[in-house]
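One chain, chain A, appears in both complexes that follow, with chain B as partner in the first and chain C in the second.
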Partner chain A sequence: MLNVLLWMPLAIGILCLVLPHRVAPWVATIGALARLGLAIGLVIGFDLGVSELQHVVDESWIPDLGVRYSLAIDGISVFLVLLTALLWAGVISFSALRGHHEQRGRRRLFYFLLGLGETATLGAFLAQDLLLFVLFFDLMLIPFFFLIGIFGGRDRIAATTKMIVYTLVGSLLMLVGAIATAILVAQDTGELSFSIAELRANLLSTGSQEWIFCFFAAAFLVKMPAFPIHGWMPDAYRAAPLPVLVLLSGVLAKVGAYGFLRIVLPIYPDATVTFQEVVMVIAVASILYGSVMAFTQTNLRLVAGYSSVAQLGFITLGIFSLRSDGADGAVLQMVNHGLVVAAIFLIIALLYERARTEDLTRMGGLATRAPVLAALFLVVTMATLAMPGSANFIGEFYILNGAFQEKIAFAFVAAIGVALAAFYALRLYQRTMHNRLPEGAESREISRRDSLVLTPLVACIVALALWPGLILERGEASVEDKIAAVAEAREPPVAMR
Partner chain B sequence: MTFEAPDIDYAGLSPVLALTVGVVLALVVGLFGSGRRQRIVVSIFGLGTLAAAAGLCIWQWGESKELIAGALRIDDLAIAATLVAIVSAAFCIPLSWREESVERPLGPTGHGEFQALLICSVLGMTLIAQAQNLIAFFVALELLSVPLYVLCGSATRREQSLESGLKYLIIGSLGSATLLYGLAFVYGASGSTDFDGVRAAVGGAVVDDPLLLIGIALAAAGLAFKLSVAPFHQWTPDVYQGAPTPVTAFMAVATKAAVFCVVVRFFDVALGPAVGDWQPALAALGAVSIVVGNAGALGQDSLKRLLGYSGVAQAGYMMVAVVAASEAGVSALVFYLAAYALMNLPAFAVITIRERETPFGDHIRAVDGLGRERPALAAALTISMLALAGLPGTVGFIGKLFLIEAAVDSDYTWLGVMIAIGTMISLAYYLRVVAAVWMRPAAERPAGGAMPAIAGGSQEADTAGKGVRCRVILGATLLAAAATVFFGVLPSPLVDWAARAGESIAALP
Partner chain C sequence: MSATDWAWLVLAFPLAGSTVIALGFRVLSAKAAGWIGTAAIGLAFASSIGALVMLLDEPTEARQLTDTLYQYASAAGLEIELGILVDPLSVFMCLVVTGVSTLIHLYSVAYMDSDAGYRRFFSYLNFFVFSMLLLVLAGNFVLLIVGWAFVGFASYALISYWYRRNTATTAGMKAFVINVVGDVGLVLAAFFVFRELGTFDLLASFDAASETFTTNEGVVVAICCLMLVGAFAKSAQVPLHTWLPDAMEGPTPVSALIHAATMVTAGVYLIARMFPLFELAPTAADIAAFLGLATLLIASTIALVVTDLKRIIAYSTMSQIGYMVVGVSIGAYVGGLFHLMTHAFFKALLFMAAGSVIAAMANVQNIDRMSGFRRAMPLTSGLLIVGALALAAFPGTSGFFSKDEILAFATDRGGMYLIFTIGGYIGALMTAIYAFRIGFRVVSGEPCEEARELERGHLHHAEPRNPATGEPEDTEVGFPGPEHQIAERRRPMAIAMAILGVGALFGGVLQIPGVTAVLEHFFEGTFEDSPLFHLVPSTAASWFGLAIGAVISVAGIAIAYYCYVVNPGVTGRLLERLPRLHRFFARKWYFDELQDALVHRPAIAIGRFANSVFERVVVDGIVNGAAGAVRGASAVVRGAQSGFVRAYALLLVGGFAALGIYFLVAAS
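The block that comes next holds the complex of A and B.
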């Protein structure tokens, strides 16, 4: 099942390369919806309350290096897999419905790259072998390099090169770190293995853990991106085509957070404890910086982009509270943020069509003749600012709760971020939808084909608000398991308090 | 008094014999016919010779025996390096079709001479990969170098090619002389020309012998010239750029395979007991090479110069495997050599094709907009660049993986980090090429008759092969690119092959 899910996007992507121009988008759409069905099937069939891996696939891949092709899902990855399938299905059908990329005459290439990107991302979420994870993590960059570079806007080549160099700096060091981990462990056990479970069972000495932790943290924090290593983000967000931005911000950013929870906490618990405060400082700095920047930017994309920086700061804070409620909230928030930011970027695409600009100061009044669009946008805005009643509220509550009990000072500062979110989210909504309609802009209701994608997405946000337990219940056991790994590493058993 | 002639193992010697016969006959075959017919006849003969040698190599795969009274030794490592050299020579033959350097200035015998020189160089590589003593080592090195000097200068109507040949000759001779001087010191210190004898002597008491240390230093410098390892790399970009592109392709790939093979035998085996003396020096050479090569490639507009500097950096990566001085290191090296051939050959093939199709020579503008114009070529070049950059899904990633693993395993983690840092820098220029291919519009060509401002100076050079769309070249290019991806996804066959080569060196841990 996981094999089909993992390789289907790439297979269909290759198929799209040889199909006629008109057919390719629809084949891609059908494939993406089929994957979404599979992912929903995974969630339905998920065994509750078990921290063990499910649907395990385990084959030898490079025996000389002890690298195995092993895939599985647990309570954390199952929802990220669902999020991936959902957003990819949304983006592919959104693009197919509008024929968005005809202008450059490279539609087939577009769908191929999207397929490759989905395979790589799913691979990162499913991999149970450290090296396989690194491989997929690096592979994710290639399709996005092309997607931005070929289909992007102004300065796309510089932006995409900057992005790939930034992100690969971290992930190549991560590769060295992964190999070093396996070899150092093998010196004790006598057998070279990259299996995450094996590495977790045989921990490294604290000194080795510390430098390897830094390599991994660099990779994950750049990917998110976190302040102050977010330098690639503004350029890439300005240049990227909006559907691609949905995936970049909605899914790819989560891989970094997922990596912390899935890999760093269990394999490098001692270093995690050592660097807990450092990472929390980075997280809080990201929250404040992201929120303030989101409030001051006038480009719609950057408002959403910096708000992502802040949101991922929250997620990181939750994970590094090293308490299960904080981490639970982080998992919930990963899915929440993915859904919300995807909806925002799709809405930005619609707003751009209506106002012919992405500049907040030259927009306004778009709600006058578009009540449905305005309503959908309002729901998304409320979710972004974590209005009580939204799943984001629950997620942030869990995160802050975890942080309060762990390091109260960080939680206080982070709480400012919650207030700032209200500022930038409402500003975004008001400046675009309310006030007077500027000249050249046109208030138009959302078209049927666009609502075909946007409505289900907003429905997911609402559904999650009504039933956050869907994620919390299934994620709990796996999160507990990761936190327990760290708890052993702490001298006074704080977590038992 | 009776004299016992040494027993000659013809089976083990058969690849060498096949190539020797091929060299001699290629000249004769080259006399038949002219133009198109000559090209076909000679190429079939040349490819046949290489195929025969490759077949004999595969036949001898798994053997491990001394040849010619212990001067040579055929084992899996030698065969692996030979196969890489043969494959790159075979790839170079179709590339040389319609190359003005081959077809015009040398007159009707062009192809015969070209292939005789090419096969002669392969013969030298075969011998050096098998060398077991200092003398065979040096003779074989000259045998592989001298034909290359001539090949580099073979485009006699192009000033750059002549300059390239001359430069390579002078620098190469300097390298050879340095190496020879070093080998003499090693002989002086150990009293033996056999690698085994040197090993035995070094294993004794001579490790701190200044003679030996000088010998090691000079030999390392001489070999670094040949491998274009920084800081002995200055000739590389000039020679790579000036030489006819098919020759550059062959030189870049095959020379490295053969010379690295003897570097393993010389340092890891013969000087193995003195590992503490040369390991830090070679580690420093490798690290410097990674930095200098990658930094040098950054601003290059000429694709051949870019690949030249990239070759300097890649030689640095491979040097890491030698420094590891372990079986894992040798396996990693052999794997990377094969990967290097697969990654580089498509790139050079695309450059050759574009040199003939556009007036831009090997300038990066020649591949602007290639993605729209020739998607198949663009895909091959992209795969090649991504693989050289070591991105996953390609054989380059697996190769770097093994190199880093070997380095970390031998407590040279910092060299593993150097590889990672080098790779980061390298992305900037490899991706620049990829961006040109897919993200830029095709460069505007100057109106007909205008002379190009860059490489390829003469009218003949530009019109010689214009518009050639050779299916054989395209097929070989796509095959190599496909193999780059295939072995990146399913590396096991190539890994097993490299592991066998590593195991054939018994002296290593």
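The block that comes next holds the complex of A and C.
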């Protein structure tokens, strides 16, 4: 099942390359919806309360290097897989429904790249082998490099260059870290293996863990991005086509946070404990800095972009509270943030069509003739600012509770970010939808084809608000397993060594 | 059906009403939306009575019932369920909220008649009531916070309801952000409770608190202070009150709803609900009481000088909530909640009457322009005076008994608490003066142009303008439509006001010292464990307090009569004599400016700095510095012809490959 899910996007992407122009988008859409069905099936069939991996695929791949082709899901990844399938389905159908005007006559390439990107992302979420994870993680970069470089807006070349420089550094550091981990462990055990379970069973010495931790952390924090290594984000967000931005911000950013839970906590537990406060400081700084920047930006994309920096800060804070409630909240928040930020970028695309600008100061009054669009946007805005009653609130509540019980000062400082979020999110809504309509802008109701994508997305946000326990309960056991790995490092048993 | 079943229905009707109106906005006629909304709240009121009846069937000590619908978000050691708590306090709040809200809905059906956004209005209005009911029925901290924040959201939506008005959207945002600050306070308090007591459940945490904490222990004081942040933001107490006067940008029925039945009373409810914690933290309770007193006095002075009719009533609300906060903080739970109820009656009535007058004035809100409406609008004028009498605590009216219940309790506790008695009476004098400043200005005197026009049978019309800025209104959305509605001509408005008038006059009978003690007996189910609850002033002392209150009330009305009827020039001369004081009051003690200078501007300045300096120099500096170094290196190695990225990537790949090889070699 996982094999089908993983390779289908690439297969259909290749198919799209050879199909006629008119057919390719619809084939891609059908494929994406089929994968969404598969992912929903995974969630329904998920065995609750078990921390073990499920749907395991484990084949030998490169026996000489101990690399295995091993895939599986657990409570942490199952909803991220669903999120990936959902947002890709949303973006592909959104693009297919709107025709080709954003694709510069190369729509077949567009759908191929999207397919490749989905395979790479799903691979990163499914991989249970360290090297396999690193390969998929790096593979993600390639389709997005072209998606922005070919289909992007002004200054796209400079923006992609900057993005590549940043993320490539991180990726290579991670590659080195992965190889070093396996080899150093092999020195002890005599057998080269990249299996995450094996590496977890044979931990490195504290000193080695620490520098390798830094390599991995750099890769993941750049990907999110976290303050102060978010320099690639503003340019890339300005240049990227909005559907691509949905994926970049909605899914790819989560891979970084996911990597901490999947790899760093179990394999480098001693280093995690050592660097806990450092990462928490980075997380809180991201929250505050992202929020402050979000309410001074006038470009819609950057408001959403910096708000993501803040939100990913919350997620990181939850994971590094090293408590199961904080980390479980982080898992929930990854899904929440993916949903709302996707909806926001799609809405920005609609707003642009109406106001002919992405500059907040030149917008306004778009709600007048568009009650449905305004209502959808309002729901998304409230979820973005983590309105109590939304799943985002429950996510933040769990995260902050984890931080509070662990290191109270961090929770108090991070709480400022909650109040700032209210300000920037509401400003985004109000400056676009309310007040008077400026010259040249036109208030128009959302079209049926656009609402076909946006309404289900908002419905997901509302449904999750009614029952955030859906994710929390499924993530609980797996998260506790990861936290347990760290807990052992905190209080080493007396008998050992 | 049990009391909890009725309570679920109390929640279900407004939510269903809001949803039906929202989803059916294209199908439903405007009239249908209005009546569905009103019926939903009416049914919620009926269900509240059902809950009351079932609750009274139980013996006093068993009147705390809980019920859970489903596990909302329980995992990883946190138990958060969708559960309610039904006890005398929550049922009392449900009754007041739904009762007064039904009448406000009824009034709105007519008042908002020609507004283009009629359906949106009723959907929000129902949601507002739902939020408030969720707040008072919540059985755990998380659900309480959810209801708490929903109220904030609903108030935002309704304050900026006329969203083409720049002033309205700004006011809505201000209300929302200040309310979120309050939410954060509550969230942090909940974390403290969880850390110390291990639960988010209200009753369970109260039980655990009495065993865990000693009186005035640091933690419990911290919990209560954080809760006060929430309570003060919502109840518009100093220093988190600045959103409330601006909230007058919303339609007048919204002002009535926010100020009378819902929202601002939430803070009072919170302090009363958390009494087991506040009694363990007397320091926090005293802080609350003193800030309540400060609010009471500050707001009264402002209400004496501002000229906008709705804003005078708004400051009056702040001041009256101050009384309630003093009450529940010093332990006068019955008095505080009693005043909450009577205030809901007379304040809703005052707002409705004001709405009617403002409609007759074609949206002019300045009381200096109003006079002599007694013949043109006899019903509105009469009910306005009834409301003013109750506000001024005129002997026999509802406000008379409820206000003095609080002050008598303060006297009875004695010592430091006498400050509250004295401050309360000073406030009462000012209250009587400003209440009849409104009353005499609007009702008596030479009829103004609009009043004369109305006497001739024609309702005044004018080009709609924003009363705050004077800019022409956008009549499409952004103004209550081309028609104005007054109580004399619209039966729903008249009925709603008349019922409230009866409540404002006779609501006091529930709790007359030495005669009736209905509320006191009823609340025993909630407060029986509180030693302060059982502290009841003697009947003689209460009547002595009532006598003083009566004298002050009559004196205040007499002063107002002298200043505004007998000798109208006297206020002008006073103003000339004390210009500085007047300016200080009229600028609202400069709280807005203070907030601007301390919070808003620094935040914007930090943002600007981050944007223009930090982002360019530091964040970009990292990559530019790295790129520069690589460029330098690549120039050395192979000349400057290649792009720096390629060189950079190559260098990295090469370097890291070397590292990898090193490890491979080391391993073998």
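By our rule, the second predicted complex is superposed on the first by the 486 of 497 C-alpha atoms of A that agree within 3 Å, B and C clash if a C-alpha of one lies under 4 Å from a C-alpha of the other, contacts with A are read in each partner's own complex, and residues count from 1 in each chain.
One rule holds in what follows: a residue touches a chain if its C-beta (ideal position, glycine included) is under 8 Å from a C-beta of that chain, and two chains touch if they have at least 3 such contacts.
These numbers come from a predicted model, not from an experiment.
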Looking at A:195, would you say it contacts chain B, chain C, both, or neither? Reply first, second, both or neither.
neither
Please indicate which partner A:161 is in contact with in the superposed arrangement: first for chain B, second for chain C, both, or neither.
both
Partner chain(s) touched by A:135 [first = chain B, second = chain C, both, neither]:
first
Which superposed partner A:183 touches (first chain B, second chain C, both, neither):
both
Where does A:64 make contact in the superposed view: on chain B (first), on chain C (second), on both, or on neither?
first
Between chain B (first) and chain C (second), which does A:232 come into contact with in this model arrangement: first, second, both, or neither?
second
What is the contact status of A:121 with respect to chain B (first) and chain C (second): first, second, both, or neither?
neither
Once chain A of both complexes is superposed, is A:149 in touch with chain B (first), chain C (second), both, or neither?
first
Looking at chain A, which partner touches more of its residues: chain C or chain B?
C
Once the shared chain is lined up, is A:316 touching chain B (first), chain C (second), both, or neither of them?
neither
Taking the contacts chain A makes with chain B in one complex and with chain C in the other, which residues are shared?
161, 164-165, 168-169, 172-173, 175-176, 179-180, 183
Quick check: in the complex, which residue numbers of chain A touch chain B?
61-65, 131, 134-136, 138-139, 141-142, 145-146, 149-150, 156-157, 160-161, 164-165, 168-169, 172-173, 175-176, 179-180, 183
Touching chain C in the complex, chain A uses residues 161-162, 164-166, 168-169, 172-173, 175-176, 179-180, 183-184, 186-187, 192, 228-232, 234, 289, 292-293, 295-297, 323-325, 327-328, 365, 367-368, 371, 375, 378, 382, 385, 387-389, 393-394, 397-398, 400-401, 404-405, 411-412, 415-416, 418-420, 422-423, 426-427, 430, 433-436, 467-469, 472-473, 475-476, 479-480
Spell out the residues on chain B that touch chain A in their complex, using ranges where they run on.
331, 371, 386, 390-393, 397-398, 400-402, 404-405, 408-409, 413, 416-417, 419-421, 423-424, 427-428, 431-432, 434-435, 438-440, 491-492, 495-496, 499
Which residues of chain C touch chain A in the complex?
22, 25, 70-78, 80, 120, 142, 145-146, 148-150, 153, 156-157, 160, 163-164, 166, 169, 172-173, 176-177, 180-181, 183-184, 187-188, 191, 194-195, 474, 476-477, 603-604, 606-608, 610-611, 615, 618-620, 622-623, 626-627, 645, 648-649, 652-653, 656, 659-660, 663-664, 666-667
